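In what follows, structures are represented as structure tokens.
You will see two complexes here that share subunit A, one where it goes with subunit B and one where it goes with subunit C.
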Partner chain A sequence: MINKPHVDWFALSPTLALIGASGLLLLVSVLAPKRTRKPLAATIAGAAFLTALVFAIALTDKSAHGAAIVADAIFRDRWTGLAQVLIAGCGLVAVLISYGERWREEHVGEYYALLTAAGAGLVFFVSASNLMTLFLGLEWFSIALYVLCAIDIHLVGSLEAGLKYLIIGAIGSATLLFGSALVYGATGSLGFDQIAAGTHAHSGLLVGGLAMVIVGLAFKTSAAPFHMWTPDVYQGAPTPVTAFMAAATKVGALVVTARILVTAFPSEQHLWTWALAGIAIASLVVGNIAALAQRNVKRLLAYSSVSHAGFMLFAIAAANTLGARSLMYYLIPYCAMSLGAFAVVAARERELGAPVTLENLAGFGWDRPFLGVAMWVFMLGFLGFPLTGGFWGKIYVFSAVYQHGWWWLIVVGVVATMVSAVYYLAIVRSMFLRDSVELALAPVGGAPSREVALSIGVAACLVVTVGSFFAVQPLIDAAHAASRALPF
Partner chain B sequence: MFDDWLPFAIYGLFSLVIPATMIGASFALATRPKRVVKARTIPFESGVSTGPPVKQRFTVSFYLTAMLFVLFDIEIVFLYPLAVILHELAWFGFLEFLVFILILLVAYVYIWRKGALEWR
Partner chain C sequence: MNTAAWVTLLAPLASAVAITLTGNLLSRRQAGFLATGAALVAFGAAITAFVTMVGKDAEERIAQTTSWTWLSAGSFHVNLTLLTDQLSIMMMLIITGVGSLIVAYSVGYIDGDDEERRFFAYMSLFLFSMLLLVQGGDLLLLLAGWGMVGLSSYLLIGYHQHRAAAVAAAKKAFVMNAFGDAAMAMSLFLLVQHTGRLDYAGVFENAPGGGALATVIALGLLGGALAKSAQIPLHTWLPDAMEGPTPVSALIHAATMVTAGVYLIVRCHPLFENAKAVENLAAGLGAVTLVMAGLIALVQTDIKRVIAYSTMSQIGYMFVGAAAGSYVNGMFHLMTHAFFKALLFLAAGIIIHALHDEQDIRKMGGLGKKLPHTRTVFLIGSLALVGVPPFSGFFSKDAIIASTLDRGTFGLFLFGACLIGAFLTGVYTFRLYFIVFHGEQSAFAKEHLHEPHGRLEGPLSMVWPVTILGVLAAVGGLVQFAPVWHPLTRWLEPIAPSFAEATNTQEFIASAGTVALGLLGIYVAWTMFGAKTRPVPQPVAAFEAKFWWDELYDAIFYRPAVAASALLRRLVEVPLVFGSINELTRGFRIGSVELARVQNGLVRSYAFALTTGLAVLTVIFLVTK
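Coming up: the complex of A and B.
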């Protein structure tokens, strides 16, 4: 007799909504008449992410008592739920940013199909409760993203970005898989809970496996020294794809890193806290110093995302409930700022028809004041200024690290923040404080299009970035409820 | 302490020894005639002779067709184990089977309408 698992369809609903939409979009991309394809595909993708968002909110609300479900394959708890809310929200904004992009007609349906497939993979990935579903989820969203990076083969660097991401992503996946095999060899179990239960002393196999699992996930969080693909891929990929990758992938990878380390390896805590602190410091150093030298704005934001990975790894390295809470909180404004900043870059890119650099950003702030001011806010948010959620994010991360007793990490973080001011403010400076005489490039094809969808997306990001400063209490409460799903 | 690391050390040793012997043996066992013959100058492809220089071209359609064939063939292979235990799984298995076929059908409609099955 075969034991059939009890399937909790409600817990799977965000994933199913997105993957179902992905299949539907594939059919739309070949069956719908050519002219209706683009609006129809974007509407379906937007509706799918909205549905997933609603389901994820309901799921978070109704999963106060966390449990492993579907034959212990996935977790249903608030940690998963809140991460799914974030990912679905990122997807929704990504659809808004994508709408105005000049996609080639034959790829527009496939683009949205892959975007929803990547979203489905990420939403599944954050619910993983054993090493098998972890790897399945990772490959699921990664493969969709590899293709998305290379989807616009006429864009300079797009194919290159896809290939680089594919090869380095494959190394990351292989490392994660190898590490999982070693962990399985040492403990004889795949489930996170069972691994923790079966750990006796620390065997070399287990520690070796743990190290490789951390490395595999660090490739996806783009933390130094596993960040080398990030600048090239972020620069080469179509900007809406970069926006989605920078926000949603980071949510998935960081949330899962925190989950697997805390749930499966509590007895190795003295090792992985140090490992993560090391990776975080490397990310801050590499990200901030390399960003200083960049002229291309997408590349600059890529290095900025490396340094933010460092800040968020601080929260995991703190290994306490305050750290988990601050990670979840930090991700909310981070996603909004990241999506918003890349959306503004996308808008400028569309009116110039050329890669956006610090030079040709000149005068943009006066030209399109709403986007300029929004970008200003996002940069200050990245920097951690008050009146943006980035401020509370950094405060909470630092207090988590302080609670762990590592005051010197705070020193590193503060120095990194001060260095980062140079390049974040350089963007603001080139948008507002340059003479229009310096404006070398004229917009192609007359006045820029209004881009209502993109402006709505940027406005949403702006509301979340500023709103998360004022609404810090309800958000931190939600993050607190989520962090209680982790066994500290 | 040493006992903890012993399995990992043995494992690591093997993963070093296997490629090392492969590389070492190819040096140790290689007989090197002094005379350079033509066969020795051609690339060594895992022992497979590259054969006579091929001048004829294949159309790229062969690769696309072959790839699609392999993809769908492998999917069909998954149905065999399901067929063996379908009675035990009853309706649950049948519905899962339908979902699987539905996904395949979407992919099939996609490649068909996309023109991947046309010979160009």
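Coming up: the complex of A and C.
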């Protein structure tokens, strides 16, 4: 007779809602008639993310006292809960963006099944409390994403993206797994708490394992120099998938990085703070400089996401509660801005039937004023302008770093922000300051009708981006409550 | 929750946003009506708030409502708080009351302009900013309103964006005001640093009670007040601002914005009382301004500029009143001045309108016969301005002058300046009146005077606000008559208790002196410009040149700044900044290209980067553990 652990079903509810929907969607893709398949599948996926969102909010509310549950496999606390809220929200917007995508192949059911599966994996991933569940969650959402990237199999770019992501991702996963094995070898335990509790004066095994764990997670964060897959994959993958990856994957990877480093490796803090600071600086340098030369907007945004990974790694490197708080806060407007920006790109892409570049973005702001203004706001948000949450995000990250005593890191961040103005404003410039007439672009197959779903998604992102500036206090309070779950 | 206060604040904002967003969906006329309606709604709400407040006991009249906390770190909170008390409600009533009359007047005045909608959006924005300034419950909102008032006045002065003079005037106003904003912001920073609070009560309680810091804080606030209220030495923007449309002059440069400095002194009186020297400086500057502006007004030939200088002079009186410790009288004069000065501007607007936008009084003359109604209201306004009983200016101005007698030797200096000012007011006001309305019609007027609109002298929407203001200017001063009844004093006492109170004897001396000198001024103007029995003396060069303030600023700020910029450009900008930026961009571009070369799309090089990174990290960890 095996002792069954007590299962806290409520804590698992966001994951279960999504994975259940995924199964249902697979059935839909087989059973539902072709005509109704797309609206039905999208509705189910949207409902699943909405349900997960509601559960995650309730879970956050009811988990004031953090605890490891289900045989110490996962955490139920507000750090997990808030991250799950963010991921579910990202998924919901991703469904809205996906709805208008014109797939060449009729596999829309599978698409949504994979999207919800990836969401379920991420939601599970952020709750991991030992190395086993950590790796399980990582593979769970990664495999779903590999397929999602390559789902447009008629497009060479999409296939290439999927393949590259798969191969490099395998190396990343292997690194993480090997690192976990070394850590287990050094400490004899898998749980984050037990690893921290073990007595093992900085053994080489443990330190080597830590390096590998950091690299494996930095790979998912797309921090330099482990970012090299990012531009290719973000550019090649279908835009809604890119949007979801850029937002939700980053939430998962960063939240887990903060959790594992703070919870499992507090006594190695002197090592990982410096490592993360180094990786963050590399990300800022590489992301910003490389973005300057890009003409393809998706690729540009990919590099921008690398540089933002740098900013958010600052928050973790600061290794204090303020840092954890600022990471959680930063993620809120960041997710909205990323999703929103890629949504606008998706709209333009569908209009042109061609990849969006700075050149063919010309005049877009005048043709589609709502999307144009929204994109403008997102770019200013990425830059950290006031009236967007990006402003407070940067302020909080900088103050966390300052509290750690690393004022020079702020200098790096400010210089990086200044450089980033060049390419963010380049997007605004091509949308508004160039005339579309001189390009004489003929939309392929006529201009598509206005997409209500996508517009709703963009509007939601806009509300969060601007709203997080004005409602900074409640959000920072929520982030503060979440950061209490971490043992600083 | 004080709903009425919120409605007052937000109605103009809603109108500004609605006019901006609807664009061509709204006809020009509708935009005007929307702005007027919003101002009237705000006025109605202000009256509601006022009536509610009257029903309460004096102690319960101060109401703070916080809608949401934006940021709170420790004991430092940034809230959106409205403060509704006796002082702010008085300002709200003046702003929305006079403001709605002026916006209504604009519907007729600006009719036919190409960009009416923009005008009304700006007007609404201005009203919102001004209300934010007086309703804000803490120093931060005060500063926000302060800055936004500067912005919207910039937009309104430069409304005729194709006229170079208007644009230059707008810039001048903005720069001068920005200087004041900066000074004020500095003292707010000092206050926050010292007290850790932003709300008025908390700041006043914990502010430094004396010494250098208190002086610096008060000086910064005074800088803001001087710039906004166009007092010497930050006054040169106001006459130029007459380039804006006439309703703008009436709204901004007579009734509301320029009085913000007085409001600031009264609102922050504990901070000024902590720095006596600054308070005396403010009163002294007010006295100097009122005389100097009166002298300049004697020789101006532009109808609006005469009124503008008279505004400066009258605000000088308010400064004297408020800074000499007689807060109630300062606020009282602010109120009556809003009535009669808005009236004078709007009446001048009718004349300008009738004469095809001609503002030069040398071309006017004998307009009284064709514009009898305008003549009547202008006369009422003029008499109120000079302070002839029983018109409104008499009560408020004399109260200020009387209260200076309570301030010892320094008060005597102020008293003397005020009396000289009273005489000058009589002269320049009636010089204007006699030249414009009296005698035979000038050749220009015969040729250009508009055909009357039916039986009226202008569009209906212009005539009725002027009439209402005429009534207010005539009887508005009866609210308070210091020796007999003083409801205003009782009303404002809990907020700003005056420390200079005139006795009845002093009141009498001041009244007799002022009225006598005012009447003497009118008589002098009559002999020169009305009856023309006495020759007009040659204008004094100093008055004509406006005491060379513009030239002074040109010499000590503008030219050195230009010279320094040219030098910096030659020595620093071109070789160092441009050079380094060019080199930097080149460096970034090369870096970019190099990075792109590494990013070659080959999986093996990606894997290589990953493993190299891992190896480096592992080695460092193992070495430094």
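One rule holds for everything that comes next: the second predicted complex is superposed on the first by the 478 of 488 C-alpha atoms of A that agree within 3 Å, B and C clash if a C-alpha of one lies under 4 Å from a C-alpha of the other, contacts with A are read in each partner's own complex, and residues count from 1 in each chain.
Everything that follows uses one rule, which is that contacts are C-beta pairs under 8 Å (C-beta built on N, C-alpha and C of every residue); 3 or more make two chains touch, one makes a residue touch a chain.
A quick note: this is a predicted structure, and the numbers were derived from the prediction, not measured.
Asks: Overlaying on subunit A: subunit B and subunit C, fit or clash?
Replies: Aligned through their shared chain, the two binders fit side by side on subunit A.
Asks: Between subunit B (first) and subunit C (second), which does A:473 come into contact with in this model arrangement: first, second, both, or neither?
Replies: Only subunit C is touched by A:473; subunit B is not.
Asks: Which partner, subunit B or subunit C, is in contact with more residues of subunit A?
Replies: C
Asks: Report for A:4: first if it touches subunit B alone, second if subunit C alone, otherwise both or neither.
Replies: In the superposition, A:4 contacts subunit B only.
Asks: Under the stated touch criterion, which partner chain does A:32 make contact with: subunit B (first), subunit C (second), both, or neither?
Replies: Neither subunit B nor subunit C is touched by A:32.
Asks: Would you check which partner chain A:23 touches, where first means subunit B only, second means subunit C only, and both and neither mean what they say?
Replies: first
Asks: Should A:208 be classified as contacting the first partner (subunit B), the second (subunit C), both, or neither?
Replies: both
Asks: Using only CA atoms and the superposition described at the top, report the least gap between subunit B and subunit C in Å.
Replies: For subunit B and subunit C in the superposition, the minimum C-alpha gap reads 7 Å.
Asks: Overlap of the subunit B and subunit C footprints on subunit A, residue-wise?
Replies: In subunit A, positions 202, 204, 207-208 sit in both the subunit B and subunit C interfaces.
Asks: So in the complex, the part of subunit C that touches subunit A is made up of which residues?
Replies: 68-72, 588-589, 591-593, 595-596, 598-599, 601, 603, 605-607, 609-614, 617-618, 620-622, 624-625
Asks: State the interface residues of subunit A toward subunit B in the complex, per the touch definition above.
Replies: So the residues of subunit A in touch with subunit B come to 1-2, 4, 23, 26-27, 29-31, 182, 185-186, 201-205, 207-208.
Asks: Please name which positions on subunit B make contact with subunit A in the complex.
Replies: 4-9, 11, 85, 88-89, 92, 103, 106-107, 109-110, 113-114
Asks: Which stretch or stretches of subunit A touch subunit C in the complex?
Replies: On the subunit A side, the touching residues are 164, 167-168, 171-172, 175, 202, 204, 207-208, 210-212, 214-215, 219, 225-226, 228-229, 231-232, 268, 271, 275, 286, 289-290, 292-293, 419, 470, 472-473.
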